[in-house]
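The chains carry the letters A, B, C and D, assigned in the order they are written, with residues numbered from 1 in each.
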Amino acid sequence: MTISVAVSGASGYAGGEVLRILAAHPEVEIGAITAHSQAGQRLGSIAPHLHALADRVLVDTTVENLAGHDVVFLALPHGASAAVAAALPENTLVIDAGADHRLESAAAWEKFYGSEHAGFWPYGLPELPGQREKLVGTKRVAVPGCYPTGGQLALAPGFGAGLLESDDVVIVSASGTSGAGKSLKPNLLGSEVMGSMSTYGVGGIHRHIPEMEQGFSKLAGEEVTVSFTPTLAPMPRGILTTATAKVKAGVSEAQLRTAWEQAYANEQFVHLLPEGQWPTTGAVQGSNHVQLQLAFDTHANRVIVTAALDNLTKGTAGAAVQSMNIALGLPENTGLLMQGVAP
Amino acid sequence: MTISVAVSGASGYAGGEVLRILAAHPEVEIGAITAHSQAGQRLGSIAPHLHALADRVLVDTTVENLAGHDVVFLALPHGASAAVAAALPENTLVIDAGADHRLESAAAWEKFYGSEHAGFWPYGLPELPGQREKLVGTKRVAVPGCYPTGGQLALAPGFGAGLLESDDVVIVSASGTSGAGKSLKPNLLGSEVMGSMSTYGVGGIHRHIPEMEQGFSKLAGEEVTVSFTPTLAPMPRGILTTATAKVKAGVSEAQLRTAWEQAYANEQFVHLLPEGQWPTTGAVQGSNHVQLQLAFDTHANRVIVTAALDNLTKGTAGAAVQSMNIALGLPENTGLLMQGVAP
Amino acid sequence: MTISVAVSGASGYAGGEVLRILAAHPEVEIGAITAHSQAGQRLGSIAPHLHALADRVLVDTTVENLAGHDVVFLALPHGASAAVAAALPENTLVIDAGADHRLESAAAWEKFYGSEHAGFWPYGLPELPGQREKLVGTKRVAVPGCYPTGGQLALAPGFGAGLLESDDVVIVSASGTSGAGKSLKPNLLGSEVMGSMSTYGVGGIHRHIPEMEQGFSKLAGEEVTVSFTPTLAPMPRGILTTATAKVKAGVSEAQLRTAWEQAYANEQFVHLLPEGQWPTTGAVQGSNHVQLQLAFDTHANRVIVTAALDNLTKGTAGAAVQSMNIALGLPENTGLLMQGVAP
Amino acid sequence: MTISVAVSGASGYAGGEVLRILAAHPEVEIGAITAHSQAGQRLGSIAPHLHALADRVLVDTTVENLAGHDVVFLALPHGASAAVAAALPENTLVIDAGADHRLESAAAWEKFYGSEHAGFWPYGLPELPGQREKLVGTKRVAVPGCYPTGGQLALAPGFGAGLLESDDVVIVSASGTSGAGKSLKPNLLGSEVMGSMSTYGVGGIHRHIPEMEQGFSKLAGEEVTVSFTPTLAPMPRGILTTATAKVKAGVSEAQLRTAWEQAYANEQFVHLLPEGQWPTTGAVQGSNHVQLQLAFDTHANRVIVTAALDNLTKGTAGAAVQSMNIALGLPENTGLLMQGVAP
């Protein structure tokens, strides 16, 4: 069963990562590879790491070029994916790496993105309770944001088991620079980034906040408030999430550990490590795996959960391919067998 | 006025940093340089970056070798500095980079360090309200821990102005690897560290927690509870502190900003950056400077303060030299004029 | 056709990389995983990036544990592989990642390794003229050294086409730290490595010199002299080879380019990039691919060839698996479809 | 004796490094700080590591703004410095960090820079035989290129002592990214640079070649030919030069070592390390020091010399300030006492 796939935004890191995974996916045939301003160029000059696709020529991102494929991966500017999806043949599975269809609340979308809400598609984080079944047979997938992937996987078990307070979740995440994309900004120059760390998007303004609050609130059955601070780390890939939440009175560390164990016992990509072993982003680099660990700070009455993932893989393209597999009825790990590239 | 100085623990990063600063300090003459296991070796083979001192031969860390200097910098294993200090001539200014004399509470010391409390010396963080005067003319200085330097500088103004709640301070810090010293641990190998981030000492167990709670509690006039999580970053130096605290009802962002401005208006080493400009550890690398910035997340009701410093300089040796200058009545910035080494 | 495989030295980076590749190899079943001092431990605590094999328990490196598999990958101390291979069942394909069987000349071996020559096995660099056929059906493979892989792939076409002088080849290579293994040496600490570069093994003493001279001399039909200097770079993986050789009188750049193009036209893993595009180690990270480019410095009369590869993949484990595929008659790229992990 | 100084090109890394050093220079008063496109901006927003100068406002790079100072540091586009210097008051000491006045040969300049030769000023590398005296009392200084500083310091002793052959010098250097400046080029993004190495400017085309050949040829008394390949390393600062030259018949390693020892015995910034100790760029980071080591590969008949320096300090701004000190009759190390910032 060969699945024909088109990938837009191939000149960016997200599109490149989708292609990297698909190039070795046994069931997929890569069709059109599109880009905005680099149509006509050889992929080898734009994404030299994709040797298997070096001679592919990029075409324009148009409905004509995208139509006719079983699956279309989109990485377009805000507001564009809805129209493109609507124009594609009805049977097309459209997987959107952008933010447009991640939020259910139009108010939350307008507040953080300042544009018209495009709607809500099935959310590509199957490890969240109730999410996997929504992806089966779907024709639409909204790939989660990278930080929200780490944040939600880190704390979902606690909220799902009713062990955490809903107010005052505090999350601080560190991300490698590929999360900022290929934009030529002075602060993203190697000379500025190497040997240095910094915060950005501070003070409740980051767009990934409503996404995380949405996920937690669903599980908690009430509104969860999240304080989130992203930091930029001197590495190309990886997200280290440090998530803390207040623990309800009377809850023990054993109960916490059990909730996390049960949440992920049957998940092949999400691993609560053996007690005492702590996650590292290096161990999951280039793979769809996520490592977790937790500790209960009884003095501060907070559970601290660390999650390590690769922002481009499980944080973006790996999740996209994993969702595609589910949607099409393939084994979920098809094309996602790669282990972490470490050291 | 030439000040004779002895430096112990010269083979470690902290001792090496003290020497790096003192080598260019206009009033200091470096006398004995001591080490545990490397006595007899040339400093140039141990600390090749100290060209001015390459031919110095290390001597044993004994009272005999340390005595006879105006100032002695100690970097010894726990429990050793008290005895050494007591054995030195009365007039000696002893500056301890170790933890032994940082905590006032014997109970806190025993809980986190598991040994007998050595006492409490004047604390080498002059920018904290009331601390500078205690350092004037002192013969003893306890150099603060690196993480507590960032944490306390980040939030002290809010506690000092009575704007923050005392419960539920949450701090997550990222440190370069030199904070872990020269110990040959597998997880500190370059191959393990580069391109990766991880948490450690999670769950309320880190020894810097009582130090930060001590400082905040004094300012708040009541017990402050801190949840602290350290993370290891792929860079040699630097600490990025992300500190958050709940804001008291009715407090505005303007009030917060004013409190921080006032706290550091006359401090030459601590800088609240212009609004919109965020700290980077790279900008303070190798210098005694600290950059701060704050934002008020009204939705989560938390102020988030970012502090960037160099763990070896303002976080250790720079603070030690700054305290020495104050103790001896020298201009506080003597030997500390260096700017950040950036890019 | 399931191939049973045993991997020794699983606790080192080379063994870990073999396992990383084999974990996703469609024809392989991983049997015994052995280690020297860590027998009895769970692989997940030693190589946390190998999630698929986390619960495997390491066993002792003994002939008993290794026997009974179709293929055995060895990563043992010098001098050990010959005896182990001899003791294994005759039909076993033994692939040695160590140096013991790379050199044909006993004199060269004794000069550089100071021990008894163990012999010479088919050399696992199929892209060298005449090498591939020697690997077909073999029961013994000597995996090349990482630096010699880059050096030989860089200059072999020129020697093979008779375009280069045999005296005075000069090669300078930069390697990521994983090339030095997991040994706990002070200079390999992250704090020492990050933000710094250095040379080592300088002056004609590096053990990879005879290996490169051997390969070049065969192609040139006469003795080739190589000056080789390795440098340590602040990255976990990758080798950037800068190889230069004098060009014979009358040879043009076009002739040079043609020789390289022809040498690799049909090689799926070695790529002479389009003119003007230069190799980067990042583009081949974690993959079995090698990028090359050349330029003719007519003023100095030297051709300069840059080769970029991953020291652990094409430089070690990828070559090992590629050789296994050839030996067993599988498509050469089985299990080696992964693209470079970039950025 | 306060020296008034103006610094142009303050928004670039070279200008920023000049300011970093001058901010702590005891004899200097920093006057006008100029920039092309950022005139009117606060220096603190452009170069946040220069805390002492944060409130300085940049002015236009005009003769009016630069005149009236004792010393003017220039970092202007090609072709501009000659006119500016000519327009400044006669007594002004003009120090040009650009390339315009480094080459004596108009032919060499035109070949590599494709523009009109601006002339030749005293060359700011006082450690080269005969150079220091030319800087005493001069009103013009051409600061050497960064790569040529490493290359010339590496091999000058051998050429000066007549021990090396003049043909076929081969140099490969690795540089941190700040050498490429702040230009927003895709290949300089952190995501592209980190974890990767690459070559560029390959094949005898790099503009630093004529500069190195000029220096060597003077010492050798005949034309020296250099093959030079630069590589880009994943670090912000530093140059590691690996320079090799053929050794004349009959020359011993002892003779080589003696020549290097004698050349630098009285040089406070250039250090031939004790035998067996090899240079690292980390040990000289942020300082004006250079580390050297050599080895004689008798098999290849080449001496290999490693030089480590900081491309921005001894490679640019440190050399500029050192030359200023000599020109003005100050102790040569005034303002240059800083040791390497390591780890």
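Operating definition for what follows: a contact is a pair of C-beta atoms (placed from the backbone, for glycine too) under 8 Å apart; a residue touches a chain by one contact, two chains touch by 3 or more.
In this text the structure is predicted, and so the values were computed from the model without any measurement.
*Asks:* Work out which chains are contact partners of both chain A and chain D.
*Replies:* Shared contacts of chain A and chain D: B, C.
*Asks:* Give the label of the chain whose average Cα location is farthest from that of chain B.
*Replies:* C
*Asks:* Can you grab the rotation angle between chain B and chain D? Superpose on CA, round to the nearest 5°.
*Replies:* About 180 degrees of rotation relates the two copies.
*Asks:* Call it same or different for chain A and chain B: same when shared residue numbers make up over half of all numbers used at their interface.
*Replies:* same
*Asks:* State the pair with the higher C-beta contact count; candidates are C-D and B-C.
*Replies:* C-D
*Asks:* Provide the C-alpha centroid distance between chain C and chain D, rounded to the nearest whole angstrom.
*Replies:* Their C-alpha centroids are separated by 37 Å.
*Asks:* Could you please state the distance in Å, as a whole number, between where the Cα atoms of chain B are centred and where those of chain C are centred?
*Replies:* Centre-to-centre distance between chain B and chain C: 45 Å.
*Asks:* Quick one: which residues in chain B touch 2 or more of the other chains?
*Replies:* Those would be 13, 176-178, 191-192, 194-195, 234-237, 280, 282-283, 285, 342-343.
*Asks:* Mind listing the chain D positions that touch chain B in their complex?
*Replies:* Against chain B, chain D makes touches at 13, 16, 19-20, 23-24, 42, 44-45, 47-52, 54, 177-178, 194-195, 236-237, 271, 273-274, 277, 280, 282-287, 289, 291, 312, 337-343.
*Asks:* Which residues, counting only chain D, touch chain A once they are in their complex?
*Replies:* On the chain D side, the touching residues are 13, 176-178, 180, 182, 184-186, 188-195, 234-236.
*Asks:* Looking at the complex, which residues from chain A come into contact with chain B?
*Replies:* Going through chain A, the ones touching chain B are 168, 170, 172, 174, 176, 191-192, 194-200, 202-205, 209, 225-227, 229, 231, 233-238, 240, 242, 244, 246, 278-283, 285, 293, 295-300, 302, 304, 306, 308, 342-343.
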